[in-house]
Amino acid sequence: MFMKNCWYVAGWSSEIGADTLVARTICGKRLVFWRDESGQICALDDRCCHRGAPLSTGRKEGGTVRCMYHGFLYDATGACIEIPGQAAIPPKALVRRYAVVERHHWVWIWMGEASTADESLIPDTHWLDDPDWACTKPGRLHYDVNYQLVNDNLLDFSHLSYVHANTLGGSEEYAQLRSKIERLPRGLRITRWFMDRPPAPFVAKLLKAKGMTGNVDRWNNYDFILPGVLIMDSGFAPAGSGAERGDRENAIQFRHCQVVTPETENSCHYLFAQPRNFDKDKPDVSEALYHSILTAFEEDRAVITDQAQNLAADPLFEPVACGLDSALGQFRWLIAQQIKQEMAADAGAPRAEVVGERSAKFG
Amino acid sequence: MFMKNCWYVAGWSSEIGADTLVARTICGKRLVFWRDESGQICALDDRCCHRGAPLSTGRKEGGTVRCMYHGFLYDATGACIEIPGQAAIPPKALVRRYAVVERHHWVWIWMGEASTADESLIPDTHWLDDPDWACTKPGRLHYDVNYQLVNDNLLDFSHLSYVHANTLGGSEEYAQLRSKIERLPRGLRITRWFMDRPPAPFVAKLLKAKGMTGNVDRWNNYDFILPGVLIMDSGFAPAGSGAERGDRENAIQFRHCQVVTPETENSCHYLFAQPRNFDKDKPDVSEALYHSILTAFEEDRAVITDQAQNLAADPLFEPVACGLDSALGQFRWLIAQQIKQEMAADAGAPRAEVVGERSAKFG
Amino acid sequence: MFMKNCWYVAGWSSEIGADTLVARTICGKRLVFWRDESGQICALDDRCCHRGAPLSTGRKEGGTVRCMYHGFLYDATGACIEIPGQAAIPPKALVRRYAVVERHHWVWIWMGEASTADESLIPDTHWLDDPDWACTKPGRLHYDVNYQLVNDNLLDFSHLSYVHANTLGGSEEYAQLRSKIERLPRGLRITRWFMDRPPAPFVAKLLKAKGMTGNVDRWNNYDFILPGVLIMDSGFAPAGSGAERGDRENAIQFRHCQVVTPETENSCHYLFAQPRNFDKDKPDVSEALYHSILTAFEEDRAVITDQAQNLAADPLFEPVACGLDSALGQFRWLIAQQIKQEMAADAGAPRAEVVGERSAKFG
């Protein structure tokens, strides 16, 4: 069960070449992506309407795609425009198309009705291709777990002290902090300041090279947008230099962009990149940061995959909630409400009523 | 769900040696095949009646087989004839036997009650060992799909233009033809003539060696017998030489024999050979033809396996029927009717009634 | 479905080091084992109560274990004793602990309520570390079958003639014997004497080295304790030397200890060792015996795994019972009764009634 009326990141722009057909499963739907002759990306169900063969193993013919089982030809809207040996095309001969928007190196897809896609809801990730920021190369991991377990992880940074003790984390005191959590129209805002401590392992060398050898103030402030987009303002500044009041002259700053996109109920895509405002012309810094975060994200994947196997082994397990879980509890509730609302709308129930219910609880 | 009162090909004669026990699953039944002392092939359920161990990993003792778990001994009829340390054999101590007929290098098995097996229903494949024809070596592929998807493929040759563009196929015009389809008592007859065109890639070199450098008339005329036996008269003749009227003096002719045998609901065996009436003493031609058709059949397997995965991912998919599907639609209907009739007979319903219903639709 | 109020062997003592966390699944429960600071082994559910991550991939901190996802800390009783950033520990913050007893190199676990564990029910296996006996090294195999199929195998030694013809077995006459079977309070006693025959292959060389070149009397007398513990007095003596009357001066004797412990419904652990009263100071004899029995137990595993696959392929299969099956039939009935009794007790039914029912049948 997934939200439909929202934007998911399907992949990196660079994955979809001019001549390629790319197969990818999103929210349980097998999709094919390609570029039409103007370079626009289109996405269709990856299944010929005739006998169900995939289109992604077919033949791209300019801006159209031919199924290479019996030769049905489709345009970028999903309409079948040719059936070998048959003049009339039945009206049902089409495959579903999805709204797609390419923005700042990411390919966004709206899994609901294409006509209802609302581009204004695409979160801003302009740092990914902003010349004022330097970015790590495109990152991607595949998880064999339900995407909400990855969301859970990203919604509570106290795990940095344990999962990432030797990479992103550091002192166990970091885990003792409680983040400030605020509601956004479509998500949560999480603010976490960790003042006057030694820096995290992954930036220690970078800071030293800049002459910052003492304690630092550290922040991890992010918006987590439904159903799985994290955009984070984070950084390190000399302790007491006023970064929390906006004085960031001597700080190093990042704008992490990360997305969790469901593949199936039991797997998901995880894409990430880390723009920064320093050492912009140093590819070796990009490379070193990329490997630092990849190493850390592999640490996450290991523990989350183990967790998922434990949960699968005993569906009756009831977790014991604690203070750490506030953000993840709220976020799971928001997703559940959104799905409930979409199902009610599909069933013809008055939409306003459901929205009212939500407002009452989170107002 | 499979037809039972019909013949399936279980394998090649050569697979069952004098001293071997061969395990093979047909229509979801695990079977063991071996030769008795006279060389006759017998087939039993591959499961000792005692504790369920397989007989195929047991010990062949002349014309009998001993289960090597606790020593039960069975004869070729499936009767248990020895239980260690016990004089009396319980009447239930037996395993089911199946009727088997070895004919023209193929081992045919009747999956219904052995006593109802009707040898006159075995399709004629005498070309496989007729000295007037030369044959490729025994061919076999294993599919991880329901056998009806392979039948579908074989019932519509328009896929040659796409799946086999560089092997069996050729021009896309071939796909624009419509075959003639006729009912047989237990199957369909399909006739397809493709006149005055360049030859298919896989025979181009052969024809050139015979001085046929111009266009050809091509035919693919086959009977497709329930539940999965294809016997085809095909060939190539100089364009306009009258092959369609029976004048085949300068033609090269084939008699393909192919069978699709269900293994489980989601897998099947595919056996094939290609007798021909030319270059009979040239083993290199046999070898080249074998590799041509194997390459082509691997192309089929790739697209059909992809198709099956798409279908499995969404059981609600409804294919859009088109003119190409006439033969496969009829054949699926025939199988469904036969299964319905067998189920009714098993349940004791009057058989004639069901047959009447069938006649009404296809009369 | 498994018995809970009984002892299972979870592993060898040597598997649980001073600094290790050992994950093992018993009766479908994922467990973690470790030693506290006094060296006592404890066992808990291998799942943090917070979000379900495994404890076995956590960090051992003295006699406590920390979950390395968000830092929850547990003591050896399963109580959570620290939650980062939170002073109050919710009463529900604990994981289940199991009673564990380490005895004669084996780690026994009681899968029912720890408070009901009754150490007096642990079968005696003192030969495993008795200085008067020499023992093969710790043996272990993993089976991908339900544990009762392995019990079945061990409850009927007639399979030695077939499965182990070249290892433990020998003549097919051995299979024609019928064992004496007696009820024990929690199991069966099986007695089998095989008089005046050539020795089994695996001891032929050993006996020859001792000058025993003629026929022997052989015995395999064992208690099989619920739900899967075999303790066997076996041996070989010169034919007619009176071993069956207790005169074993010239005999070689073994005290096999073997356990079958369910892992899941479809897999189990099999642990074994073979104490002997001869050649006690010869490690090469230990090594040779270990490899003999391992080879034989691999033979068992092959046939039992084949059998399990056959049974899984057809849940409707009804085995034909014969005289060989007396012990296994009784043992399966005992386990079923015990499970029924435990379920009735869990449901609050009067316990005495169920016990009475059992007494009536086996009195």
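Labels for the chains are A, B and C, by order of writing; each one numbers its residues from 1.
Assume a contact is a pair of C-beta atoms (placed from the backbone, for glycine too) under 8 Å apart; a residue touches a chain by one contact, two chains touch by 3 or more.
Everything numeric here is computed off the predicted structure, so don't read it as measured data.
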Equivalent-chain rotation between chain C and chain A, CA atoms, steps of 5 degrees: 120
Interface residue overlap between copies chain A and chain B, same or different (over half shared): different
Approximate Å spacing (C-alpha centroids) for the pair chain A, chain B: 49
Multi-partner residues of chain B (each touching 2 or more other chains): none
Interfacial residue positions of chain C with respect to chain A in the complex: 28, 30, 46-47, 49-54, 57, 66-71, 83-86, 90, 92-93
Chain A - residues contacting chain C, complex: 152, 156, 158-159, 161-163, 172, 175-178, 302-303, 306-307, 310-311, 313-314, 317, 319-320, 322-325
